[in-house]
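Lettered A, B and C in written order, each chain numbered from 1.
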Amino acid sequence: MAPRWSLWRPSARGWLGILLMGPSAIVVAFLIVYPLARALDLSFQKIRISRVGAARLPFTLDNYSRALGDDAFWNAALVSLAFVVLVTLFCFLIGVGSALLVNQRFPGRRLARLLVALPWAVPEVVAATIWAWMFDGSFGVINWMLQSLGFIDAPVAWLSQPHQAFAVCTVALVWSGYPFVAVMALAGLQAIPGELYEAAQMDGAHAWQRFWHVTLPSLRPVCAIALVLVVLRVMRDFATVFVITGGGPVGATRSLAIYTYEQAFSFFNIGYAAAVGMVTLLLCALFSTLVVRRSVAA
Amino acid sequence: MRRQALPAFAALIVCALLLFPIWWMLVTAVAQPDDLRGFPPVFFPTHPSFAAFHTILFDRPMLRWIMNSSIVAGLSTALTMVLGVLGGYALSRYSSRAVRAAGMSVLLAKMIPTTLLVIPLYVLFREYGLLATLTSAALAHCTVTIPFAIWMLKAYFDSIPVELEEAAAIDGSTPLGALWRIVLPVSLPGLGATALYAFILSWNEFAFSRTLLFSAPENWTVTIGIASIRGEYIIAWNEIMAASAIVAVPIIIVFLWLERYLVVGLTAGAQK
Amino acid sequence: MSRLRNIVAAVALGLVAALPAQAQTPTKLRFYSWQTDDQSNSVWWLAANKAYEAAHPGATIDFVKIPRDSFADTMMVMFSGNTPPDIVHLASFEFPSFAQEEFLEDLSPYIAKDGLDLKGWAGQEKCVVKGKTYCINLNYFGYLMFYNAALLKSAGVEVPHNWTEYLDAARKVTAAGGGQSFGVGLHTTAGAGQYLTELLAMVLDAGGRWSNAAGKPTIDTPEVIEGLRRWKQLQTEKQTPLGLKAEDIRQLFVEGRIAMRLDGPWMWGLLAKVKPDLRPSLLVAETPTATPLGGTSNVIAMPANLSPERKKAVWDYIKLITSQHWQEQYVALSGQLAPRPNSLTPEVLATKPFLATFQAAQDKAAAKGIDRLPTGFETTYNEFAKLITEEAQRMVIDNADPANVARRMQSRALALQRG
């Protein structure tokens, strides 16, 4: 017996899909696409925040040329790049490492799997606050540990020195970021068919060779996705750095995201900030496309 | 058995190291004021003090912040779930080029720096008179929650056999009726997990909230509040950690239950 | 499926209910301040707010805190977003940029109508821009030295009276403290306004000013360089704990870990929190610097973009707190001097003898025409403070020569003036 309702007919199915997707599309258009167009428009005006309600200002490329000629902008780009490289590296080392560990067979591994990813649940603001406290220059527990272990003689004022402050932000970003990699990697590990290992074992491959030739290649697709998401997360991070250092000292942790915010809401150059944000977006888009294309090709 | 002892021991050490910050938050929150700045630090409090919790809950607008965060997260979760269910169902059952294109373009939101998007949102919400209201933050949070909800729900719907709906169609059900009466009831755990995660994302969010709500302290959320206490008194660490614990511990507990669903949802989205 | 339907219905209801909940009742006055819990100004504010609410049935004042170091930025975003507070509270040095943007109401008509006599009102001239009165000054101060007599005594030093003695005392206290207590306490982390204030205290003592009377920056003069050098020396010698905010330093002073702290009279309120055994040791004196920092502290104003009823309500509030009675109350409750002439009564002075010291410091600063706001940077103070702060921080981090740093500050200040 044929269904009574015509909507089930193949010809109607396409329309039904669009109808169902419609509300999301409209809301996304209103909250993301249109604002993005407005941001682009703002980036072509030399506008301060106090003038936002007034008439549109003349078109200009000044904001972009100012950004490209501004040391502070390049410094921010460099800081962002350094964060991306270091944080991603450590997220993968810790994430994949802990996934390999809890993928072993041992009593309590179900619990261990849950616990390893737990920092994920901690709000970034809270995580950043905890790390700022642990690295406190006067009374922090890290200084005490390092001093007791003999690594340092006197307390280090972590947050008032450039490299040290950068390191603290990196640690906090890694701690919030590695659980995602761990979860993805663990899922990837569990999806590897046992026969692959058995076959490798029959060929006489020892543990290291099995890891190198079976485990790692199988993790590649999952890792590519995780890579994109981790990098985007670091590029876009605002909360962690803002809470720990606010971008200081002397700009050592002022990433592009912090720089954008600072220009818009602390120096009130909202047009210039939009231009900096647009450049950041461009960098994010370029990177994602590159990685996705490469991983698809592979 | 001995072969398993080594990884078990290693896992114990690794977990202890990785989770030490959470422990330290809890220890600091209940520290006696004198222990707070004393050396050596107290790692296992023998005389916990709950004075910091009292201060933070009653001398600061913490309860107001918690209520605001709940309203914002509730609003954005509600909107996200309505749209996410429809969008995810479309992707799962009625996928066409247009639908897929829409679904993919939603993911592009992940690339947009929050600090960029918040600039035009500030301008737009100003035009609509929504600036500094809880609604503005809830809408902004939807730019984060909707994309993930659509794809997470698609994964759940994919796991539900389509035969159920076909049977319903034969019984004379409309497609939306089938979604409402057949699909949604059997995907309740998935719906719950998605809603909870959306709630957590909104609850934890900082950049949008800080920009849109900061100029109205009566509308601050918990994350703005904590960042503000931290900015104000660097050394009242027991209070800051007590506030952090109040905000984070419920989320951590929910997360322990939620995690298995997240793994399914995330990896399903990732591998396709 | 009634359960699901109920959930959806409840959520929809919640959505609808939450929207109108944001509407304001017309008699609620929004008032944001950084002084809501400082134990000094806050005591007076809370009492005045209560009095206003009692005199205006149905009216409430929503008195909410925004921390000092993000205050100016937040207010600017608030005014730009067309959501200004009803009662505008600003630090004196950030007020001109708000007047410049025409965000504030000219109060002259109100003052004339109600015959508010501002003759002799301390610091009120700073509120007048191009003949219009945009605010009323609420506090005029001179910097003081709060010190811990016990710490000084155990280090074997006297209360210092000049820079050399001050440095010597700081060194001896810090050396005796073994990392637990320090000679002085400086604000050395984010928060440009406070940074600049404390830096200026050192610069003034060395005889320098940020700019001259004509508004030209004078940062590269030997006097300013000497001030920078002294400020840097206290940090590189670790006479102060590093990386802390003024609020933290004040807390450490109250805990007995800092021997000398140069700060404004508002610091007095914190002494209420001191442990009893420590209380007799914490005293106040005039600063050891030849020229104390001083000037106007904070002002009250009204947004230009407000309905007439609200303007009237806000003016009523301003009228209340500037009245003779409430100005006297300010002295009695906050333990600071009020700008209105004759607001210090003999009875209050008898119970608060330290006010004589406050008055002396204030008079000294006033006689030399000191103010935190440098001439020529009135409307760009926010940017000015941020650039000086960044360069000063860099000086300490890179251990740079103050002369070079001053030159860079000077050229950046000139660039800022050019726009």
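Everything below uses one rule, namely that contacts are C-beta pairs under 8 Å (C-beta built on N, C-alpha and C of every residue); 3 or more make two chains touch, one makes a residue touch a chain.
Quick caveat, the model's predicted, so the values are computed rather than measured.
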- Item | Chain at maximum distance from chain B, centres defined as averaged CA atoms | C
- Based on C-beta pairs in contact, work out which chain pair has the most and send it over. A-B
- Query: Distance from the CA centroid of chain B to that of chain C, rounded to the nearest Å?
  - Reply: 38
- chain A-chain C separation of Cα centroids, rounded to whole Å: 38
- CA centroid of chain A to CA centroid of chain B, Å: 16
- Query: Which positions in chain B touch two or more other chains at once?
  - Reply: 79, 82, 122, 126, 231, 234-235
- Per-residue multi-chain contacts in chain A, two or more chains: 52-53, 138, 246, 265
- Query: So which bits of chain C are touching at least two other chains?
  - Reply: 77, 81-82, 189-190, 243-244
- Touching chain A in the complex: which residues of chain C? 73, 76-77, 79-82, 101, 103, 179, 188-190, 241-244, 383, 386, 390, 393-394, 397
- Residues of chain C that touch chain B when the two form their complex: 1, 4, 8, 11-12, 14-15, 18-19, 22, 30, 32, 62, 64-70, 74-75, 77-78, 81-83, 189-190, 243-245, 247-248, 251-252
- Message: Quick check on the complex: what are the chain A residues that touch chain B?
- Response: 1, 3-5, 7-8, 13-14, 16-25, 27-28, 31-32, 34-36, 38-39, 42, 52-53, 94, 98, 101-102, 104-109, 112, 114-127, 129-134, 136, 138-139, 141, 144, 148, 175, 183-184, 186-188, 191, 221-222, 225-226, 229, 232, 235-236, 238-239, 242-243, 246, 256-258, 260-261, 264-265, 270, 273-274, 277-278, 280-281, 284-285, 288
- Task: Using the touch rule from the top, collect the residues of chain A that touch chain C in their complex.
- Result: 49-50, 52-53, 137-138, 155, 157-162, 245-246, 248-251, 265-268
- Note which residues of chain B are touching chain C in the complex, please. 61, 71, 74-75, 78-79, 81-82, 122, 126, 131-135, 180-181, 184-185, 214-218, 228, 231-236
